[in-house]
Amino acid sequence: MNSFGRIFRISIFGESHGECVGITIDGCPAGLSLSPEDILPDLERRKGGKQKGTTPRQEEDFPIFKSGVFNGKTTGFPITILFENKNTRSEDYSKQRSIPRPGHADWVAHQKFGGNEDYRGGGHFSARLTAGIVAAGAFAKMLMKDVTIKAEVTEVGGEADIEKGLQKAIDAKDSVGGIIECRVNGLPVGLGEPYFDSIESVLAQIVFAIPAVRGVEFGTGFAAAKMFGSEHNDSIQNMDGKTKTNHAGGVVGGISNGNELVFRLAVKPTSSTPKEQNSLNWDTKQTEDFSIKGRHDLCVALRAPVIVEAVTAIVLADFMLLEQKIKRVL
Amino acid sequence: MNSFGRIFRISIFGESHGECVGITIDGCPAGLSLSPEDILPDLERRKGGKQKGTTPRQEEDFPIFKSGVFNGKTTGFPITILFENKNTRSEDYSKQRSIPRPGHADWVAHQKFGGNEDYRGGGHFSARLTAGIVAAGAFAKMLMKDVTIKAEVTEVGGEADIEKGLQKAIDAKDSVGGIIECRVNGLPVGLGEPYFDSIESVLAQIVFAIPAVRGVEFGTGFAAAKMFGSEHNDSIQNMDGKTKTNHAGGVVGGISNGNELVFRLAVKPTSSTPKEQNSLNWDTKQTEDFSIKGRHDLCVALRAPVIVEAVTAIVLADFMLLEQKIKRVL
Amino acid sequence: MNSFGRIFRISIFGESHGECVGITIDGCPAGLSLSPEDILPDLERRKGGKQKGTTPRQEEDFPIFKSGVFNGKTTGFPITILFENKNTRSEDYSKQRSIPRPGHADWVAHQKFGGNEDYRGGGHFSARLTAGIVAAGAFAKMLMKDVTIKAEVTEVGGEADIEKGLQKAIDAKDSVGGIIECRVNGLPVGLGEPYFDSIESVLAQIVFAIPAVRGVEFGTGFAAAKMFGSEHNDSIQNMDGKTKTNHAGGVVGGISNGNELVFRLAVKPTSSTPKEQNSLNWDTKQTEDFSIKGRHDLCVALRAPVIVEAVTAIVLADFMLLEQKIKRVL
Amino acid sequence: MNSFGRIFRISIFGESHGECVGITIDGCPAGLSLSPEDILPDLERRKGGKQKGTTPRQEEDFPIFKSGVFNGKTTGFPITILFENKNTRSEDYSKQRSIPRPGHADWVAHQKFGGNEDYRGGGHFSARLTAGIVAAGAFAKMLMKDVTIKAEVTEVGGEADIEKGLQKAIDAKDSVGGIIECRVNGLPVGLGEPYFDSIESVLAQIVFAIPAVRGVEFGTGFAAAKMFGSEHNDSIQNMDGKTKTNHAGGVVGGISNGNELVFRLAVKPTSSTPKEQNSLNWDTKQTEDFSIKGRHDLCVALRAPVIVEAVTAIVLADFMLLEQKIKRVL
């Protein structure tokens, strides 16, 4: 349930305020040269505290390789990477234990796991789990030298001017949502299958695994619902499959068509808003006003592009292994 | 690659103009009483030719049970259902073989499968494959007597007045897209997992398996990206988890929270538009103008609600089996 | 639960006395030329009635292709094959319904599926389901032109002289067990993984799916338990990995080593013996003497070699696809 | 490829002389109380150096919990357990790098992974990886309070008197193989499926994941091949399914029948024998005589019973979760 992928397969584990979070990557081809420097830049992008609008909590996020790498290369066996939790302030969270935080998984986790869940800082639900995913994405990117994957925030709080959107939230003393767009170039034709293993299906599955994502659209997406067929259809121009327009976003019938892969996702505002809220108190069984302390992101979308790139790389590397576009031993 | 599900697991097969399309359902609990009448209404809804805007091609769509049902009950073994193809006009399609139809999978299929694919009427890519999915959905619905799933078209061609949207397309002699909304009531709390098996992830995977779907959003969806946290958060009101608002659409942390599950999806306009188009001719290697003959839907979204309900039921029944909310023998 | 394989994946369905038995093969490469003649010889070997010691029931066992083959080639999409049930005598079986037959699944099926199972002729448990497996095996064999797979009965009733073993059973008016050995040549080095996906693990999983198999051993097998290490170790002779002896049976560390793959399996005597037996009567809740009517195999091992070859081919083709030794489009 | 199980799912990682070996258990029900003391006894049994015939290498084998346990209970999320490698002498092994050790995976690993594998002490192929499996087995046993699983060595070097068998090997200055038998009592009727998920299939898959196992048989096993049907059939005696004999070893049609589950497995002699051997030298491309230094087991079968119990428990707990005989939250 915490695993994803067919050949290039990841499994995540850990809790926000436990000993560590981590990931195991199975099925990565042998012989991939790598140094921590290949992974650190992406991990750095995921970290908060560097940009306006992200949490000042700064874990070191240093990847500790426990297996699967030998003499600076992947061995072909499972690669387990840990990220130790050092900079945690659990006391901040335990105070709010009696009020399940709105927008967070506190309430559902408690119901589903019978109160056995590690609730501190969101536990296993914490976005900190994405550190491992970003590391795995860095491996996947290295497997696809000719493919470029670029995600960026295109909108914050409804403003295409990111700074303006953030300022709006700062002024309102509130958190705010955003839109991320991802573009992939250099993909071979023929990745993906019709139906359940379509590029859209598999990408959407993992994109919705990113905390706070509420919507995904490919190519023209929701706007396509308002179009005529003659407008939306992309006219094929040559034997390479290059199309005049790219309303399809690079995927037709679930399969990559050689044009740029384009998709967008909606990220909800950070649930931990500085504003006072009203919700249920488990102890009194009454609703009450409360406010959330702690260090939080003003807009979680800001840290998400590197995660979006990572999950995209993971999906595409897996498809490329299945289609024999990446070798099992490099 | 043509299978989906963990315990309640479906596998589809067949081609639009081959002998049949069909499905195998594995993992359906034993002892479910059923008659064809339990399945026919949903199959009827999927069929074209009844409503304005759908194709006049009317297969009988009669489900032929080949296994897994005995004495009017499921046996607990794989249920294979066939739908024979009778009313096909392959000659309509073979004429266009030299021009891969824009918006269709003709070009990618040819590249991916080396020209071995059955291209007639879209072959395995045809929406006719959804007949089996609708049948499986009918089984899944019967397994969840207390859950109601209702999908409907809420917009055609940008118009919330469906008739008006269709008339716009008829006037333009073009096809048109639409929006479908699905609402589920009666779900227990606790279905789904964080990350890859979140309700959103698994539902999105199968929803994107429906031909022509281009976007999916849960709860407030893309609009959430424009909201403040204090607006979007749903205040929990009582010990049953009932929230004051339902911006989350019934899913928090990937897990059902007992409120109404709500999601929407964008359907692109039918690729086979009556309008003249321009695209590549494989033989001449030049682009040329052409038009598509045959019987087609003006708006494929119109036939899709029952398919959306079916895939939703399939996902939820699988989660309920995993969570032991449905017994293995009824 | 009725599926097997990672890339080349089979799913079986059907009942002995229902409409049909069948199989769906997903993940078979596109472009494999085939005619029924490529499959019929193996199906013929599986059939009874031809050799001494096999049941006189002779289904036609004619494979009806319902999907996935077009213009005499595989399309790359799921291949569904049906075998209709024509020559059934259900009345033979219904008589014994009140006594669960010893050695058969009657009793466990009834308990597990709450009496909903199709009990006629063993229903889904019937060895008739192996018809589909044999067909899938024929496809797998065709994918591996350079690999030869040969299984044969080496012992019946403890006699290496098959005729003698059968005569012993005929004289005793009883059924009898046997040993089958399978040898594979031409395998590349490097198939299989350590642990759960070792060649032994995956082969054993599917070999035990063959009804009546009670034991599997690789290379020297059980005899290895009596040996010294210096005797059992196979000395590597050259850079191709050729070993002086082959006690390992071609698999070391779960991985093929380029030597002949050798394994053996034990088949229990046919449960339906002509002899009078004693067992429980469900109606009276007392044990009683009874005898089984109907047409049965004296020794089911005799029909099994082609099934053993089929499952071996299925496993190896899947490993070869995973290792990119077989292309996705031929 | 290094994962096993459907609901209770394990994933192993690590190398013999790397930083650690470990396991992740996903799908373990929430609310299982545990202390290290519940796991240590089984880990102790797996360790060498305590009994005659086992290696004097004594890792501490102390399980370090990294996730999934909180306040002394399982949380329902992935449980990752590490075993640090402390007591390694890699120099012993590096000396033999030029000669792939017969019976070991050195040669196949080198071929399959292109020389990128961590070869020290067998790397990922090392039996040390079974430490994690034993830990997972301890969890699985705790989930099934009413089920008793007992494996023991019944034969060493062909002698049912274990001491005598070991002395034979000591006298010969050689390693030796053995037989292990496992018996399970208290199982409910109805676990397992016909075909690929039969109890025999799934158990055999994981039993062959144990290094050095060369054969598996259920119930009467290979001896069944020499029997008549009337001898082998187990007469059902009462409505609980109790049989007069137990030739089936508790499994009929792939499904547990309520009688004692019995299976045996053959373990080859330790490949690292103290005797001088002859094999290929990669550098000279010639065969040569050599001997293996280092600390090794005289008979690896001696340490294996607790591993056999562990894999059996893992399989059965998974089946019991699937059949809803174990709850998701305890």
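Lettered A, B, C and D in written order, each chain numbered from 1.
We adopt the following convention: a residue touches a chain if its C-beta (ideal position, glycine included) is under 8 Å from a C-beta of that chain, and two chains touch if they have at least 3 such contacts.
Note that the coordinates shown come from a computational prediction; the quantities given were computed from them, not determined experimentally.
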Tell me which has more C-beta contacts between its two chains, A-C or A-D.
A-D
Taking each chain's centre as the mean of its CA atoms, which one is farthest from the centre of subunit D?
B
So, what's the distance in Å between the C-alpha centres of subunit B and subunit A?
26
So how far apart, in whole Å, are subunit A and subunit C when each is placed at the average of its C-alpha atoms?
44
Quick check: how many Å separate the C-alpha centres of subunit A and subunit D?
37
Shared-contact residues (touching 2 or more other chains) in subunit D:
1-3, 12, 112, 124
Enumerate the contact residues on subunit C facing subunit A in the complex.
6-7, 322-324, 327-328
Under the stated contact criterion, what part of subunit C meets subunit D in this complex?
1-4, 12, 100, 102-105, 107-109, 111-112, 124-125, 129, 155, 157-158, 169, 172, 174-179, 189-190, 193-198, 200-202, 204-209, 211, 213-239, 241, 243, 247-249, 252-257, 266-273, 275, 277-280, 282, 285, 287, 301
Give the list of subunit C residues in touch with subunit B in this complex.
1-3, 9, 11-15, 18-22, 24, 26-27, 30-31, 65-68, 70-71, 73-80, 82, 112-114, 116-118, 123-124, 329-330
